[in-house]
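Next come two complexes, and both contain chain A; in the first it sits with chain B, in the second with chain C.
What follows is the complex of A and B.
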């Protein structure tokens, strides 16, 4: 009788092939190859047009920049949560709350009058206030599941997911009700925020804003310093790896849980308010219908791809952003070739899904050697 | 008496086993032969490679190189189940039963994973039969979480027997058992030895090895120093083989032991427990009205058989467990149910038996695990902490590659040393130790006990020394409290206390 089995041994030494950047890049290449085979087999797209399109996606990098910055911010936020075992799958809702915060302050609060005056300094300061307020709303939104987790031992994941839909509905209620715009050509949506409240477009890089670029850099650097060089960041890491040790060291794990939830939600909220001030300028109706770009969900992949390591968030965001854009380009290429019933967005999902499956497998191989043993 | 029978043969041979972990060579080419019908003791200090060797033999670790032969046939184990099929069974220091399964289910699980299926009704009788051979009764339908440490280890022994064990490896299992229970373990071992089976007894207690082993193999730094026959066994020589020529204090030299510095002196009270009631993890009452006073600079030993509320008492003392009733005052301030913060801030150190559960995050580095209890400045000064870790490493003889090494790759003894190093420094007013020496070798244990006496005498630090080792409690304490079923059933001054009296109270 032939017996087949696997010997799985934890790697004690890492080599070049198992270094994190190679693992991430290798997974991308392998994932693309497999996706190519799937799309070729089902829709008859040849390898040349497949990789040709991918090449164009990368070369015309301007299209990548906008998803990149938002995925980087939200990915960082979720990674902070992951460090403290707060599985923030509610970024989508916190993102919407950030948008609501921004539109409220710029249009429906006393602060809105600042944007009609011609005071550059005051306007600039007010923009900071608006962005931070969006962050605070995101933090508040994330604190609800955080409190339930810390004080009632309710698993945060389902609560966070449900909170996304509550956020969508609050947004739709306001957009169609109290905040409904007057100058909308009959559409249900809010009016545009004042021009002076909007972020500054970078000449030549129309998809970027100075303020957003500064925010991405600041957020990533501060998050890194927070996690690697502060006592509070260390407490978050203990919470994520051994909460009992955190408690016995003299800290209240419940407080740190709240802190982790709030921080993660805060950073997502920042992304929401930046998005509104810099790109959308208004809230649409049916916001849950893809109008957020689903960045809150897609960024979970960024956090997952970065090995729960803050240093790789930017690279992971780049990969996910390029797959995302690649998917959109493929949709155009595949127009008319799609099997009936399959939406064009499915292409993006195939690309991202395949790459992440490959990545998940490679990741195991990074940590363990697997040998096939055949005994006669 | 126990010379090897003439017909005994080699049942297992390992040759040139090498096993490396990051930064540490655990086994550097170990060869060993085991005979049928022998009790073979593996002795060595912490980190000498005893457990690693045992785990290689039991299929838990795969060696980097080297060969294993069972009955002269080369084998390659890819899992513990493989080893079990060859009759090799390993009982770890920490029982490996699944807590929310019953005794029967636990045993069936192993049988099934090894492809040996049995009817449930039959297995229940078999379990009762095997357990009674050890002189115990355990309900086969009881959940494992309800069993005491001793009972769990008895279930492990029964499991081994049901699996048809030929080579039984027991890793530090007997270390903390009360004498009566230990004796019944030894009787059982001799009994199965007479049936031609092999027992590998891993221990760092030299006396134990000398008492029961037929042969002793001493390991040091991952190498076999020597294998001794029964007639050569001699505690002093073994000690030299284990530790080399290093010296360590003998118990008589503990500071304060001979001077009776505290007799007749009223001590200022530091800890006051008034009628403390607390539950265990499963919600059953574990402490039933514990009232204790501990003075400054006093060493209070708490003796008892495992599972009588010691763990909960330790947790209450450091604030990890809420009490249901009663009051806890520390240095005149009530800290009842105020969590760990107030207690730690008052200068209380805690050395538990399972530091990877209580004290450290295995996924983080040594320096991070030291940083978590260091000063509460907003920014961490890694360089000064790394220097502190290096100091710990050299002072306490921790084998580790760098301060950035993850704690989970350290051996059990090294993790414990790190806990001792970190917590002694935090013990400004009090130290709570709970089975602290369980995974420490003899030399380090002695050093540790001696340090505790020094702390109490010189620095006036209070020590609550909770241990299942009565020997240690007797050696180190000023007063001895005996705990049984969550109650303090006896309180003795160290002078003139009778060991028998304490033991009787422990099993009461």
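What follows is the complex of A and C.
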């Protein structure tokens, strides 16, 4: 009888093929190729149209800028969570919480009166307060699964995912109820936030805002310094790699779990409030119906693709922004060839899912060699 | 009394049976130590697949019970194969089970949309008529019987058969199980095959019975509700069955809460909130013995090089 098995051995030496950039790019190309085969087999889209559309997505870079900045911020947040073994798949919910925080402060709190005054300094400071408040709401939302994980040992992934739907429903309840706008032409949504509360458009780059760009740079730099050069960051990393050692050193791993969850949620919340102040200006009804751009989900790929290393987040965000926009571009360019009911995000999900699977496997091959053993 | 019984048979049956089957599938997979984060993606995919199978088979076999039954079986088989690939990859390679599960979940969502749309296009171009399973007393009783049989079969398999002992041993400590002769990859492959077929069966019944049609995004979150049932039932088949009554009733009754002046958004969110609360409560409760406890190796990488 023939016995077939696998032997997995940890690599002792790295070569060019196992270098990080090659692994990332190789996974991307392989993921795209497999997706191309799936899309060709199911929808008859040929390889030339497929890669032609992908090329056009990358070339028309202006469409990538907006997803790029938000994916970079949320990707950084999720990476922080990954460092501490907190699988933050609930960024969608925290993002919505950030948006809710922003709309509350700019329209329904005493602070809203500031935006009707002609005081530039006060307005600028108030914008910072609004963004930070959104971050705090994101942190609070993330602390719920954080506490359940730390104190009740509940796996955070299903809790976080279920909480996303609760966040959507809270937003919809407020939008259709107490926060329903008066000047909405019959649509169910909130009114627009005051113009003075909005972020500043960069001339020539209409999809970017000065404040958002500054936030991306600051968040990435601060996150890097925190994780690489502070004692607290080291504890977060220890929690992810060796929680037993952390406990043996006398630290309470539950507190570090809470800190990781709160930090990750805070940064996602910042993204939500920045999005509302800079792009949406109001809350729509049915927010879970793709109106968030699903950045909270898509950014998981950014974090995973970046080798859980903050330095790679921006490059990963660019790759994922291309994949994300690819689905929409495909729907636009290949109209007539695609099923009319198929959403662009479904195509993006196939690309993201397949690339993630390939990358997860290739990543293992970077660190291990797998040998097939056949014994007669 | 008759009203309650009638409600159980006709209104609750489709939800209860779907969630129970999927929860049983999940517990079979997780008892072998594989963290089943991919469940919602596979459920969405199964739901779409059964619709497309039913449309295509109705075209060639004609609408009727035969086409519908074969679609259900084919969906269960396809899901079983897909799951066995997932559990094998998670075991052969020292990958993060969370990451690979999430990857399959996303791919399942996307593929589900594509596969379902293929059926929809075929439906509109060929004007195919498909028969869905009607919620009659006969169909409900048959499905209840099938589900009860699945509950007892899963229990018997896990606690009375050698394979079940191996599945649980692999879920507790794959290295020790391997030393006493269990082929970890093979055992997890089988648990993926069995659990996947139950999840596929649940997905098929969801589309062809509970809903009676397909639209994009159908089945989203329902996999997670079944996951919550599985955890709340301590991954123990005989406990999952009664716990599922509570969750399914909650899901079926939540739209009726609107008649009590509860906003639609609140009634929609209630099953999710309760699922979280129950998962937390169950995790806090002290568990007697290893039978009810979480598998020790759940979600942990199995690195074969480290085997003695």
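Odds and ends about this structure:
In the analysis below, the second predicted complex is superposed on the first by the 354 of 376 C-alpha atoms of A that agree within 3 Å, B and C clash if a C-alpha of one lies under 4 Å from a C-alpha of the other, contacts with A are read in each partner's own complex, and residues count from 1 in each chain.
By definition in this document, a contact is a pair of C-beta atoms (placed from the backbone, for glycine too) under 8 Å apart; a residue touches a chain by one contact, two chains touch by 3 or more.
What you see is a predicted model; the values in this text were computed from it and never measured.
Of the two partner chains placed around the shared chain by superposition, neither chain B nor chain C is touched by A:19.
With both structures placed on the common chain, the touch criterion links A:370 to chain C but leaves chain B unconnected.
Touched residues of chain A were counted for both chain B and chain C, and C has more of them.
Contacts of A:247 after superposition on the shared chain: chain B is touched, whereas chain C is not.
Look at A:119: by the touch rule set out above, it reaches neither chain B nor chain C. Within the superposed three-chain model, A:229 lies in touch with chain B and out of touch with chain C [touch as defined at top].
In the superposed pair of complexes, A:9 makes contact with chain B and with chain C alike. With both structures placed on the common chain, the touch criterion links A:357 to chain C but leaves chain B unconnected.
Shared contact residues on chain A (touching chain B in one structure, chain C in the other): 5, 7, 9.
Residues of chain A touching chain C in their complex: 5-10, 38-39, 42-43, 87, 89, 148, 152-155, 157-159, 161-163, 165-166, 169-170, 172-173, 176-177, 297, 300-301, 304, 339, 341-343, 346-354, 356-357, 359-361, 363-364, 368, 370.
Remark: chain C residues 35, 37, 40-41, 89, 92-96, 98-111, 113-115, 117-118, 120-121, 185, 216, 221, 224, 227-228, 231, 263, 265-266, 268-269, 272-273, 275-276, 279-280, 283-284, 294, 299, 303-305 touch chain A in the complex.
The part of chain B that touches chain A in the complex is made up of residues 20-22, 62, 78, 318, 320, 339-341, 343-345, 350, 352, 356-364, 368-369, 371-373, 376-380, 382. Taken together, the chain A residues at the contact with chain B in this complex read 5, 7, 9, 12-13, 229-232, 234-235, 237-238, 241-242, 244-252, 373.
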